[in-house]
């Protein structure tokens, strides 16, 4: 029973990981750029949710879309002002650019909001459902279900729509896409916007049950890396499966080995994965 | 026998890019490797250079088994290559780029610099020696790649489309350079698209199609072969300059 | 006449090195010592991250190993902290071989991601390692038992020590840069396939660079612990320790001889002043500035300041080689 409980908890958490990781994998797959500030995007979204509630008094129906819109803007801005200029430059510039962004966001938040942990009230999405001994908290359920739907939605957007096929065309071959009249730049800006917006939704959902602090992003960045690496670089379905798996691993290892080890297990898994299969577990060879 | 490849197989997923291809190379030869796009000649070339590991077959070089040997060890044995799309070392001058090659056999800075200057003069890049490498255009970069490889003092030089994308005047210069390299005693394999170049330059040609060796022989014989005409020249006839 | 700027530069450098001895202000002396220390680890990072182009965000692990080696040697064996430095260097060698070598299969972003994860892993492990003080960390000697404890009231002896270590590191870097190893590192940093095709044994040269880089970073950690007399998981293994090395190298010019030193000379005093002006060291204001600097460098001048001033590269004017 406890395993089932841990499994379900892990899956619900994992669905949220899947959502913000699919934002990372989208950008990565499309332009081979790694966003080292990805977890800090999650952090920004969490603060958007927190301040929307405390200052405007609005609930998740409003602050989740608000976080999505804010992060969409942030994503496009980062692409236009920074990434676009460095992505074909020296490797050092590519790598440190978003790393600098991560520092900037993290410590700007620390400076503005202080290092204190804050959180939304438990009662915002309260209640616990009891299904024959299996306890499901409403906030986790809401977050997990929304994330699952949106991750699948992102997959459908990429595979079933005209916009999606244009974006994929750019990711396959920029030059060829340009030749058939698809301008790569707006497509890539859009990818950054969509990737960041999905991260925004995920961040706002996580804020329902997780504390908010400026430094929370660091572990989310690493979680997203592990998820993307496990799921195959650039694959949304891969990120979904991997996110769910990592949620379960975390939840089980935290229960049996103590909370301190839940990150150890995931980071160690990541390093081993990179060493053994640099192209990702489900990725193309 | 200087270089010998037997039954080379290279697959990508279920696709056999190279399907039991053979090649032999005698000392002081200059041979050509041609074939339509996707014929597997580049993959085969990469197997020879060590950038791709074959899934079957064996390669011997100077009586040593090198099938799975790393590229840098092949370079040490005397097998050098250039790339289809030149890879230059940004942030270095032209001379410094060439010195990287020269250091292979001359560990001391001054000896390496002297070798680099010698090669730069030989390849006609002496005037650009002190420029940042990023100032070179495509023809210059292609020549620099050749210079860098020569500085490593190879026995065999593999040229991957060293003449592609050049204007006809530049092609003439490049052909002259390849001839001088050959005359200096280096054995060459030249992968090319342009039939005319192969015709003028090489003594022996190997034609690739669908991962296999379709024909082999003197340029004149090969271009007279009806299978080759169909597979290759038929499609390229329009580009064949008189 | 051609040598005139070089003579001037040497004179200016000598004046700069001597300046802390001339000022009587302990605040400036302390900043000078911290600058020299930061320059050691940044210059050490520069060997693999700048010349070799392998952007490590995990060098904090080496720094932490050195720092902990010193204070573990003191707390567990009772020897002067500096005696732990050689142990730290040995541990750094082991780390380079066991963890660094397999990571070198990864290129570009992938390598950097692995280093972040390794550093995060190390920080969590040390925080949960009771023997090494856990989350609280370790203290050095409270008062000097002998001269070997290297416990001084003034920052000047530390400054002299750090400058000596820095000078030997820069001396090594200068010789390396001129010789085969420097060429090979720069080549593999900008084009691995091409370098390999020219006979450069990629992994071996990366390992050479990492061994030296890790050893000096570990030494910097030991020196830090000796001077400050305290270490905890954050100040030893935290990501910000790596950030300092990266930002200083990138600002001054990664892959240049004096770039990291120039970066340190600009940033350490800047950090002290911003923290003094905008609130204590924990406010993070300095790192907002660092983040902005990193983005601006990446966006506008990937070669750092050295892009504008070739003398920084340690080559002076390009002439006959």
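Letters A, B and C mark the chains as written, and numbering starts fresh at 1 in each.
Going forward, a residue touches a chain if its C-beta (ideal position, glycine included) is under 8 Å from a C-beta of that chain, and two chains touch if they have at least 3 such contacts.
All values derive from a computational prediction rather than experimental measurement.
The interface carrying the most C-beta pairs in contact is the one between chains A-C. Taking the mean of each chain's C-alpha atoms, the chain closest to the overall C-alpha centroid is C. Taking each chain's centre as the average of its CA atoms, chain A and chain C sit 32 Å apart.
Separation between the centroids of chain B and chain C, computed from CA atoms only, is 42 Å.
Shared interface positions of chain C, i.e. residues touching 2 or more other chains, are given as 190. For chain B, residues that reach two or more other chains under the stated contact definition are 90-91. Contact with two or more other chains is made by residues 90 of chain A. The part of chain C that touches chain B in the complex is made up of residues 178-180, 183-184, 186-187, 190-191, 193-202, 255, 303, 318, 321.
If you check the complex, the residues on chain C that touch chain A are 49-50, 53, 55, 57, 102-103, 105-106, 108-110, 112-114, 116-118, 120-121, 124-125, 127-128, 190, 239, 243, 246-247, 250, 254, 278, 282-288, 290-295, 297-299, 302. Residue ranges on chain B touching chain C, taken from their complex, read 49, 51, 70-73, 75-76, 80-81, 83, 87-93, 95-97, 99-101, 103-104, 107, 109, 112-113, 130, 145, 148-149, 152. Against chain C, the residues of chain A that register as touching in their complex are 32-34, 36, 81-82, 85-86, 89-97, 99-108, 110-111, 115, 214, 218-219, 221-222, 225-226, 229, 260, 263-264, 267-268, 270-271, 274-275, 278.
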